[in-house]
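Next up is a structure, given as structure tokens.
Chain lettering (A, B, C and D) follows the sequence in which the chains are written, and residue indices restart at 1 in each chain.
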Amino acid sequence: MKVFAFVLVIVTGIMLVVTAADFPAWGDAHSPPNQYLSTHYITQAEHETAVPNMVTAVLADYRGFDTMFETAVVFCAGLAIAAILGHEKKKRYVVRRKALPKTEEGDIIIRMATRFLVPVTQLFAMYVIAHGHHSPGGGFQGGVILAATFILMTLAFDLKTILGRFSEKMTLIWANVGLFIYAGIGVLCVLLGSRFLEYSALHKILPGTDEIMARSHSMLGVEIGVALTVMSMLFAIYAHLVSKGRLEDGL
Amino acid sequence: MNIQYLPVVAVSISLLAVPLIILLNKKPNLREAVSLLAGVVKLGCVIALVPHVLNGEQIEIVLWEFEAGLPIAFRVDGLGLLFAFVAASLWIVTTAYSIGYMRTTKSKNLTRFYSYFAISLAATLGVAFSANLLTLYLFYEALSLATFPLVTHNGDGEARSGGRRYLYFLLTTSIGLVLPAMLYIYGQVGDLNFQPGGVLVDSGMSQTTLLVLLLAFVFGFAKAALMPFHGWLPGAMVAPTPVSALLHAVAVVKVGVFSILRIITGIFGTDFMAQVNWHEIVTWVAAGTVVISSLIALSQDNLKRRLAYSTIGQLAYIILGASLLTDRAVTGSSLHILMHAFGKITLFFCAGAIYVASGKKYISQMVGLGRIMPWTMAAFLIGSMSVIGLPPTGGFVSKWLLLMGALDARMNAVVVVYLVSSLLNAAYFLPIVFRGFYVPGDDPTKPVKMKEAPLWCLIPLWITALISIALFFLSDTAIRLIEVFLGVGV
Amino acid sequence: MSDVLTFIISRFNYWIYIVLMMIGLYAMIAKRNYVKKFIGMSIFQTAIILFYVSTGVKSGATIPILEHGHDIGHAAAAINPDHYANPLPHVLMLTAIVVGVATLGVALAVVQKVHDQYETIEEPEILFKLGQE
Amino acid sequence: MSENLPFLVIAAPLFGALVASLVGWARPRYCYAIAMVSLAAGLTAAIALLVKVSGTVSGYEYRLGGWPPPIGIQHWVDPLSALILVVITAVAFLAVMSARANLQLELPGKERFVYPLMLLMVTGLSGMTLTGDAFNLYVLLEITSLSSYALVAIGRGRAAASCLNYIIMGTIGASFYLLGVGYLYLKTGSLNMIDLRQIMIAGDMHGSQTVITGFILITVGFWIKMGLYPLHGWLPNAYSFAPHAASNLMAPLMTKVSVYVSLRMMLSVFTPDFLAVHALWAQTALLVATIAIIAGSLIAYSQTDVKKLLCYLVVAEVGYMAGGMWLMNRAGITGTIYHIAADAFMTCCLFLGASGLIASTGSRHIRSFRGATRRMPWTFAAFLVGGLSMIGVPPTCGFFSKWFLIQGAIEGGAWHFVAALIFSSLINALIFFRIIELAYFKDVEHEDDVSHPPQVQRNEAPWGIRIPLFITSVVIVLLGVFSPRVINWIERFVDSVGVT
């Protein structure tokens, strides 16, 4: 097997190396990918969508259909992992505490630091989501940061406690809500007599906007949807993986 | 009713009977009455077509267009009608016979038996009326599949292995040889209709290609049991006798030779085929099959197996005649389909009757049987005479024409083959009759008691025997049909 | 000679991605431990991501976010495409990253399930235990 | 509204998946109804799309987000994609219809996962058929793959272990595709399929090493995804150990859609002219396909596990299509496309039949067919229709696809491919007649004692499996009977891309 793999790798590698000779050089501003569509996005994105961050504009608007399925991939992965590892559904979430436990085992410094860090991080995550139009950021990034805060909490406390606050059921609901927001905005465009995800149609119901600003605002809605799904599903994936699907105790 | 629809009715009537047969599962008498009735209607349709064809009318109907210029279509001509007549008339007789045979042997699953029998007949008539090679091929395959349950009817190990061999042979050859050959012709010529002059005339194919195609067809239609693709036929004799009789002496094997005749007359065209180099290979393979199978038949002790090898020989006669490509030879081989059918089915019926009445399968056991079953053995004699080709039976007419055709073609070797094999036929049939009548049984002192087969068996076999004789006198109409088809006078 | 060197150096991003990708491919096929295989899978996918992103690079360009973005008054003509990196590969790779994470997550979940069943994640041992069933 | 049909086809199962996953948490038994309703909606939309396309000359586009291609993502609906879309949604509808009966026996309590995952998979498959964007296709491919990994791994026993290789091979395939698209993007700067084609023609890039390598990567990627021998390693285990509910859906659709996409790439992105330049590829591909057919058939013949047997038949059938598309003539391509449709229904029928058999006998050994004609005459008859179609018995659709494939191979002079097709028909005949023999003659208790057939009890498959099974077998025959119309339809596409 090793010999076979080695030969395969060498053959494929040679093919790729030979082909790479045909490629444009590093940083070539005049290579085809940096010219054709790229130029349009760079020069027109602001005009057409009123979003200065071109990545966000391309992500959520020009290629919004991709992004919707990207969100669906996350949703699908969460569902898949729950399906693979999940045990029979039982009443597991009897522990419902209002406040984080004060007398748990573990390092008090870490727990205190977490208590302090989590709200700040979550606030930052929301900034990343909301300010994605103007600075690096967006739904995915914000969602991942949000999920990271929950993961941080499970590391500092324990899984059961955190699941008492953000249960499997809630992750499912929020992931659904997120995807619903995204696809729902798309459908709303259809209902308003336009095409799927053609946000400009939404200016009919968004007060004080024109077609271009409607695109900008809808992108924010879409990003929020993405963030919700990513946050809840990544946390759910983590929770399942660390506890072998039992969702009781893990890392 | 429009005459165009008559062939469709003739084909589909037995299919329509199938649901009725299944519904009447619990009422055997009614069920068999339905079978018989469908047979009579079918035969009526076929006979009704005869005058039209003799008048030279074109009876053609397109059922379904599969691709532009490639329909599933029926066309009735003399050769097809002759074959359809053979199949339809013998179905009635066989149905009657199988009532006697199957009830006496207490076979099970008779509903299944009659259903598949009816389907097989529909497929046979479909082959007979096919207007093009595709239609013929489809019905040919349908026949293979529909007869499989009949061959394996007994369901024991022997039947299963026989059935397996049956399907392997037939499907391998038809899918492996005929289908690609057909597709190749369609790809090259774009026409699969049977035409009097053949469709390959202007195709510009090389001689080698033509020869390969010819051989693919001749061996691919393995139902014709040309050596070396004959192995399925003796194996399939495990079937109940009515099945062997109708299917393996008449319908199935004749479908094979009929298909080859169609290829030679309709796809290659007799004139064009004569120009193909090495087309004599077919002649020599057929001649070899005639002689070898007759020799093997001599050595068989099981009566049905002997009949099976005899069938292989007689089928090769037909192909041999057709491959000579002279008018008289082709007429003779077409006619031999008819004559041999009645002769051979008589023989099979007799074999079945003997088995039913006495339980004897082997020729060595049949000593003195003529005294116990005189009627059956007399009919056996008539059947043998027809197969050997002795007047006053129909077999004489066709063999005569075949011989004349061979002389026309100046193939003296073939004449010799015909004569030798006729002698061999006589050598393997007549001793049975002789031992039956003249050699006393196991215990000569015991008074012989007549113990004939049931009437349901006896009457059909005498009907076919009598028709064998009648055909000697009535061969004119049949020859006319063939002449209309070939457009020649003999 | 210097031409060759220039050629090699000007395309160093491709060499890196090819090497990484082949390492990943080798690990996926040749390694026996499934976790290692999936680490190889991750490397493999990351190499492709690297390839894509490196195609969007322009020398001397900045991130694809318009400067003074709020000020739409700046005419579009003033935007110099060479001044900003190509945003499209970034978008595509964001998707590819997510897909990679999702696949890895599912793969690890399956590994856990297999480990529950066979108490090993070594391919030969799993095959051995399957053979015993 | 009729303009929005393409999106409707995709949105129906997507929303179905969302609703089913939510409702399934509290009331798992409603999942089935939700899934059926959404798939029925998708099927209706697909049929409406087919009707709509029949009026146009070459098809029409649907701009997602309203952006003109290549800036935005585009759906391209032409006769081919509309046809495949109907096939996919119809087969998915039938396969999911059988899921409830299977799940009750196999995986009770997992409904709330299985239905949403199946719906997501159908979403991905429909999207792959419609999309006109090469990268969008990758995303949809991955959503399909992810859900199918989960559907395999969710099963009991060896399912999870066989899923591991499936994930690895699947990822290699998808990544190769992604890399290939990257190469094309590097050369052209575009991701839209039609645009790619035009740029490559206009820029005369067909000789470019990048484009050639990109093409090889894409082709090999999809060879892995479609399970072409010898890259098929993942397929038999994954499909045969997956829960029946899942394999009924995956086996007919996953490979077929990969074949479709591969064909779409070859014809619509790379042109027949491009492929004609590199004659060696066609020869290689035909050789691989020939080997695939022969090997798949032979291995299938040696199997005793019913589902494994069917899986290897799928491997052989993939060889049919992978070879047929490389014949690059009118008959060959027509046959391939027709075979995609025909094989989807055939495979669906066989897998449904097998799951019905397993549901009622509890065994998946081929011996469990014993006496099936007595115990389950209807189930077996419907299963047999699929089998006869595999052999290529008219008037089932299997005959007509084989007709065109062989015709195309003869025209192209690919005699080894002709031989392989015929060989596989024969092997299929042997396989199914062996099954018929078992079903017909051997009774359950008294193996060889036919003189006393025991009173066997009727033990048909559950209605939940039988109804879709019957529908599928009827469709197989109808597809054969109406093949002229289907063929005409396909030829419209084939002529439009300039295959002669």
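Note that a residue touches a chain if its C-beta (ideal position, glycine included) is under 8 Å from a C-beta of that chain, and two chains touch if they have at least 3 such contacts.
Source: prediction; values computed, not measured.
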* Structure fact -> Hopping only between chains that touch, the fewest steps from subunit B to subunit C number 2
* Asked: Counting C-beta pairs in contact, which comes out ahead: C-D or B-D?
  -> C-D
* Per-chain CA centroid nearest to the all-protein CA mean -> D
* Structure fact -> The distance between the C-alpha centres of subunit B and subunit D, rounded to whole Å, is 44
* Structure fact -> Distance between the CA centroids of subunit C and subunit D (whole Å) is 29
* Find the geometric centre of each of subunit A and subunit D from their Cα atoms only, then give the gap between the two centres in Å, rounded to an integer. => 31
* Taking each chain's centre as its mean C-alpha position, how far apart are subunit A and subunit B in Å? -> 75
* Can you list the residues of subunit C that touch 2 or more other chains? -> 21, 25, 55, 88, 92, 95, 99, 102-103, 106, 109-110, 113
* Taking each residue of subunit A in turn, which ones touch at least two of the other chains? -> 16, 21, 23-24, 31, 33-35, 37-38, 41, 63, 66, 70, 73, 76-77, 80-81, 84
* Report the topology of the inter-chain touch graph, choosing from line, ring, star, complete and other. => other
* Asked: Of all possible chain pairs, which ones touch?
  -> A-C, A-D, B-D, C-D
* Structure fact -> Given the complex, residues on subunit D that touch subunit C span 135, 138-139, 142, 145-146, 149-150, 153, 158, 160-161, 163-164, 167-168, 171-172, 175, 178-179, 182, 185-186, 191
* List of subunit C residues in touch with subunit D within their complex -> 21, 25, 28, 34, 37-38, 41, 44-45, 48, 51-52, 55, 88, 92, 95-96, 99, 102-103, 106-107, 109-111, 113-114, 117-118, 126, 130, 133
* Asked: Can you list the subunit A residues touching subunit D in their complex?
  -> 15-16, 18-19, 21-24, 31-38, 40-41, 61-66, 69-70, 72-73, 75-77, 79-84, 86, 88-89, 169, 172-173, 176, 179-180, 183, 186-187, 190, 194-200
* To do: Spell out the part of subunit B that touches subunit D in their complex, as residue ranges.
  => 64-67, 108, 138, 141, 145, 148-149, 152, 154-157, 160, 163-164, 167-168, 171-172, 175-176, 179-180, 183-184, 186-187
* Asked: What part of subunit D is in contact with subunit A in the complex they form?
  -> 3-4, 7, 11, 14-15, 18, 21-22, 25, 62-67, 70-73, 109-110, 113-114, 116-117, 120, 123-124, 127, 133, 135-136, 139-140, 142-143, 146-147, 149-150, 153-154, 160, 183, 185-191, 208-210, 212-213, 216
